[in-house]
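Two complexes come next, and they have one chain in common, subunit A, joined by subunit B in the first and subunit C in the second.
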Partner chain A sequence: MDLTPMMKPMNVAIIGASRSPGKVGNVIMQNYIAAGYEGKLYPVNPNADEILGRKSYRTVLEIKDTIDLAVIAVPAPIVPLVLEQCGKAKVKSVVVVSGGFAEVGEVKLQDRITEIAKKYRIAMVGPNCLGVMDTRAKSDTMFLPMKKISRPKVGSVSFVSQSGAVGSTVLDVIAGEGFGLSKFISYGNAAYVDEVDILEYLMNDDETKVIVLYIEGIKRGKEFVELARKLTKKKPVVVLKAGRTSAGVNAAHSHTASLAGNYAVQEAIFRQFGFAIANDLSELLYYAKIFASEVKPSGNRVAVITNGGGAGVITADEIASSRYLKMADYAEGTKKALKKVMPGLVNIANPLDLAGDADANRYRQALDLIGADRNTDMLVVIILYQTPGADPSVTREMVQKKITLSKPLLVISVGTEYTEKQAKLLEEGGVPVYDSPIAAIDSLEALFEYAEFKSRSSTR
Partner chain B sequence: MPLLDYMQARKLLDKYKIKSIGSAYVNSAESAADFAKGKRIVLKLISEKAVHKSRAGLVKLDIDGEKEIAAAYDDLVRRGRMLRPYKILAQKMADPGVEIIIGGNTDAQFGKVLLVGLGGVYVEAFKDVQLRLCPITKADAVDMLSELQSRKIVTYDGKAEDEIVSLLMKVSKLLTENKKVSELDLNPVIVRQDSYEAVDIRILT
Partner chain C sequence: MDLTPMMKPMNVAIIGASRSPGKVGNVIMQNYIAAGYEGKLYPVNPNADEILGRKSYRTVLEIKDTIDLAVIAVPAPIVPLVLEQCGKAKVKSVVVVSGGFAEVGEVKLQDRITEIAKKYRIAMVGPNCLGVMDTRAKSDTMFLPMKKISRPKVGSVSFVSQSGAVGSTVLDVIAGEGFGLSKFISYGNAAYVDEVDILEYLMNDDETKVIVLYIEGIKRGKEFVELARKLTKKKPVVVLKAGRTSAGVNAAHSHTASLAGNYAVQEAIFRQFGFAIANDLSELLYYAKIFASEVKPSGNRVAVITNGGGAGVITADEIASSRYLKMADYAEGTKKALKKVMPGLVNIANPLDLAGDADANRYRQALDLIGADRNTDMLVVIILYQTPGADPSVTREMVQKKITLSKPLLVISVGTEYTEKQAKLLEEGGVPVYDSPIAAIDSLEALFEYAEFKSRSSTR
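Up next, the complex of A and B:
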């Protein structure tokens, strides 16, 4: 199913647009205007001539243009009628924001609108959803006021969420992250367009480099598997699957049956096809962040550079106890060169403790040499900004290095106001920042596992 | 879902070159003793009504000599009264090794699924298993083992790992090619340095 008209609409009809502030149809209109959407906007409302300064239409059939996207925000019982009109008007795609369907037991009503969408071959997302957002197209069907939920900047991560509530929460958090967003799709009841259609679209979407997926249930198992086989060969997918506890309740005929409940099988499928599995919402974001940095590790050897001994040890512990990563052992040449440039109090080892007085210059020397070390595949740099030498010039060094380095690089930085400010600058410069060694190393491991999966599946 | 007859199940494993321990049905203590030929054996009661054989006292391990065999046989017959119809299976006593479980199941949504984990009595206790959708690749099999918590117990050396990897591939093939096999338990499979043997087989069709 082609979702291009939905994601990149040349024009948008808002059916159920309203003059009353606070109403869903009013918020959606306002958001389109505030976001600076450049296509044509057509409010549709049988009782209005003008809404928010735009000419309003009684029905979608009155509009002369062929509509790419119609956002439907009318009470559930009216949706079939409105959708039928969209079909007759040859609308290419619709987002049904309205709730009141299968989620409250109105299965027949949902079946009816699905039939209509199928009959006219309209790509229909929803019902009962937030809909879609495309940061480049400045198209955003969400009915959440801008002042309550920030909109992310333009980026390369696309986020798919079955749940609207999880979707909007994560979206709000993504807005605070440096990596930005390409597309957001909340597909609600998945009456017609479902996760398979959406993932297939994103697989072929050049603006999407990383897919983040929150999913509660897979509707079409076989199709999902077929797609999964291709999808992760092209781009990384981070997944959070809810519904762990409903697994394995059937009376079992064998040991295997009791251990292979549907949840366990879905998790196995994600593993088998190289999805990065997150266990909670924060992991979802941690993983998204490292994948968004778009650098692939060529091995599992990690070097740690720090200006605090303790933090270095904690991080080294995490690496040593992780399943797939290990601490790098620098090549002899690297050791010699480090010894030459580092002050005497710096012990040449991994982790490399640059000492509490480390400044931008020392960080740069260490980064240059270890970045070029042939026994190092990934770099973890700990910057404790509480120390005297760590200041914005260290931040600038990191951003510089990130541009030239072809190995994965992340920063661990823990602190409040001053640190947060530097962390934001780092992230804007494309350097992923983590506030805990565990989160950082787990993310790095997810990145490594995906790289392994990819090189393995390309040689199959 | 009927249980496939043990000897038929064994035959199916043979077809895929999956090794299982020497077994035969016996209908008397004498025939059990004949099967033993002076060596140590195992007697098992097989019934559709019994999944947890050891827990129900339906497995007599490591028995030896006419007297011991007769006592074990009679006890199984006594326990079997509630579990009719049943059969009594005599098996050679496996040499010690690491016990693993290899299983297959049919997921209503996704189809055939393969399972591996630490076996025997540990299956229920630790539930340390890995699943994959069939058919699996060799890399999938390697992954399944490396993702087990008990990987260092299960694959204690490279040779054992190779054995299990090739066994997993064979079971995946069996599951994929036999639509009628809906569930399968090889539990335990006893793995030794240079070989393995499936010691108990349950196949549901």
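Up next, the complex of A and C:
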């Protein structure tokens, strides 16, 4: 199904647009205007001539343009009528944000709108959903006030969420991360367009480099498997499947009436096709971040550079107890070169403990030599900004190195105000920052596993 | 060893106090003044009459008062001389922040100062350490500028760290948490006072309700075990032992020359004596937070209240896959009462999904009924502030409930600006807030395990 008109609409009709602040149809209008959407915006409301300074239309049929996207925000019983009008007006896609369908037992009403969408071949997302966002098109159908959710910047990660609440929460967190968002799709009851349609679209979308997926149930198992086979050969997919235990399955059923299914089977499918499997919202974001940095490791050997010995020890423990990663053993040439430039108190080892007085110069020398080491595939750099030597010039060295280095590179940094400021600068410079060794090493491992999957599947 | 004069000094001599900004002896003086230390402050420097507006002394012997704590910040070779003077002046305790001893091979110099401390029976912490902080006494020997590390507020958690860098990092993070700090002790080379002395002091310290411990090696194994046997019967101890793998052990050895020892043996000891074992800095803080809330669970049955179905499902998955916790099955009376007050769309189940429009009133009703449920031992409340109904009045209901509820209660909340503001208010109100279901459930499990340990050990 072609979702291009929905994601990149030249014009948008908002059916149920409203003049009353706080109403869904008003919030959506406001958000479009505030986001600086550059296409044409058509409010539709039978009882208004003008809404928020724009000419309003009685029905979508009155609009001369062919509409790319109609956002439907009217009470459930009226949805069939306006959807029928959309069909007659040759509207290309609709997002039904209205609730009051299968999720409250109104299965027949939902079947009716699905029939109408099929009859007119309108790509319909929803009902009972937050809808879609495309950061480049500045199109955003979400009916959530800006003050509660920060909007993410433009980027290469696309996020698909069945659940609206999880979707809006993750979206809010992504807004605080350095990597940006390409598209967000919350598809609710999935009456017509479902996860298979959405993933197929994102697979072929050049703006999407990483797909992040939150699901509770899989509707079309066979088609999902067929798509998965192709999908991860093209781009990485991070998946969080809720309903892994029987307690979770029960909860999922009462939430979206999803048949969560047997997780062991689903997990086996995810593994077979190289999905990165997250068990928590935090892992979902950690993995998305490392994939968004778009550098592929050529092996599993990790070098650790640190200005805090203790943090280096914890990180070495994590690497050694991971499934696939191991501590790098620098080449002899690297060791000699390090010995030459490092002060006497720095023991030439992995982790390389640069000591608490390490400054930008010492970090740069270490990054240059270990970055070029042929026995090192990935670099973990710990910067404890609480120490006397670590300051913004260390941040600048890292960002500089990131530009030229062809190996995965991440930073572990933990702290409050001063540290958070530096971490933000690092992320804006494309360097992923983690706040714990476990999160960092788990993410590197996910990156390595996907690289392995890709090289296996390309040689088949 | 009595560390009271060190932690609660009536007066402090700063030996090596300096007028030059940036110098260690200047930073320490500045920090004491900025913190509002109320005891007497005596700068000691052979070449100054006045430092930062205070009369300066040539040697500690010139001071008329008996000194409770002398902070020694002079070059390593001079430390024996000034320590000898401290002995003659009957100084009760010293913190040697100076480096240049065993950590750089100067073992003999270190042995010499240890002999002097023993001869005069001066409680000596260090050398090569950050020293000590007591938030109530407003005494803080750390030589780190305030702008890089936020200082924690007064509280009941005491934190012991061998490593200075890990110590300062964790201290910085604790400052951002709602729970406060009682004491911080970074003991460096442990030439005289070591972890056993410090833990013994904290065991008997009424201001310390929770002990958090970061160690790389254990010096006196037998004494440590003897103390551990008594310690955890009195208060909870969260421990992060770096050097769990051979890679970590090697790294630890090159860091503090610690003999990290066999972790399997150490872990068995920690488990036997009911320590909460953290594997990462983040876990150390998560566990500290739940113990600081000081409520003991009377069983393992967890109720989940949520305004986001998906987050409830993930949390149920975590509880069901934990080792000891399980989902509560509400008593019949609770179910009936919930059915009576909740709107029709709320399915009476655990998790209890209050739906995206849940407001303070709905949260309060759920908290009252489930808080009183006799089949529920602990409450996990998920608040996704991105949803339309969740606002500051929900925060107020939670804080209100925390005051009267005698069961452990925590909140899971994920998001950026708006959410962070509410999370801070919750924590200030004594409600621990976690940013992921995994972190929250792991922490509840640590709390439950400790409660079990205590009831087992009290019936012996």
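Quick notes
Everything below uses one rule, namely that the second predicted complex is superposed on the first by the 444 of 460 C-alpha atoms of A that agree within 3 Å, B and C clash if a C-alpha of one lies under 4 Å from a C-alpha of the other, contacts with A are read in each partner's own complex, and residues count from 1 in each chain.
As a convention for this text, a contact is a pair of C-beta atoms (placed from the backbone, for glycine too) under 8 Å apart; a residue touches a chain by one contact, two chains touch by 3 or more.
Since this is a predicted model, take the numbers as computed values, not measurements.
Of the two partner chains, neither subunit B nor subunit C is touched by A:Tyr120.
With both complexes superposed, C is the one of subunit B and subunit C in contact with more subunit A residues. Shared-chain residue A:Gln272: touches subunit B; no touch with subunit C. By the touch criterion defined above, A:Val166 lies against subunit C but remains apart from subunit B after alignment on the C-alpha atoms of chain A. By the touch criterion defined above, A:Arg456 lies against subunit B but remains apart from subunit C after alignment on the C-alpha atoms of chain A. In the superposed pair of complexes, A:Tyr330 makes contact with neither subunit B nor subunit C.
Of the two partner chains, subunit C is the only one touched by A:Glu216; subunit B is not. Contacts of A:Asn262 after superposition: subunit B is touched, whereas subunit C is not reached. Residues 252, 254-256 of subunit A contact both subunit B in one complex and subunit C in the other. The residues of subunit B lying in touch with subunit A in their complex are 1, 51, 101, 103-105, 107-111, 113, 115, 117, 123-124, 127, 129-133, 136-137, 139-140, 143, 146-147, 183-185, 187, 202, 204.
Only residues 218, 221-222, 225, 252-257, 259-260, 262, 264-269, 271-272, 323, 456-457, 460 of subunit A touch subunit B when the two sit together in their complex.
Interface residues of subunit C, counted against subunit A in their complex, comprise 104, 144, 147-150, 161-166, 168-173, 175-176, 214, 216, 240, 242-248, 250-252, 254-256, 279-283, 307-314, 316-321, 327, 345, 347, 349, 351, 353, 356, 384-388, 414-419, 435-439.
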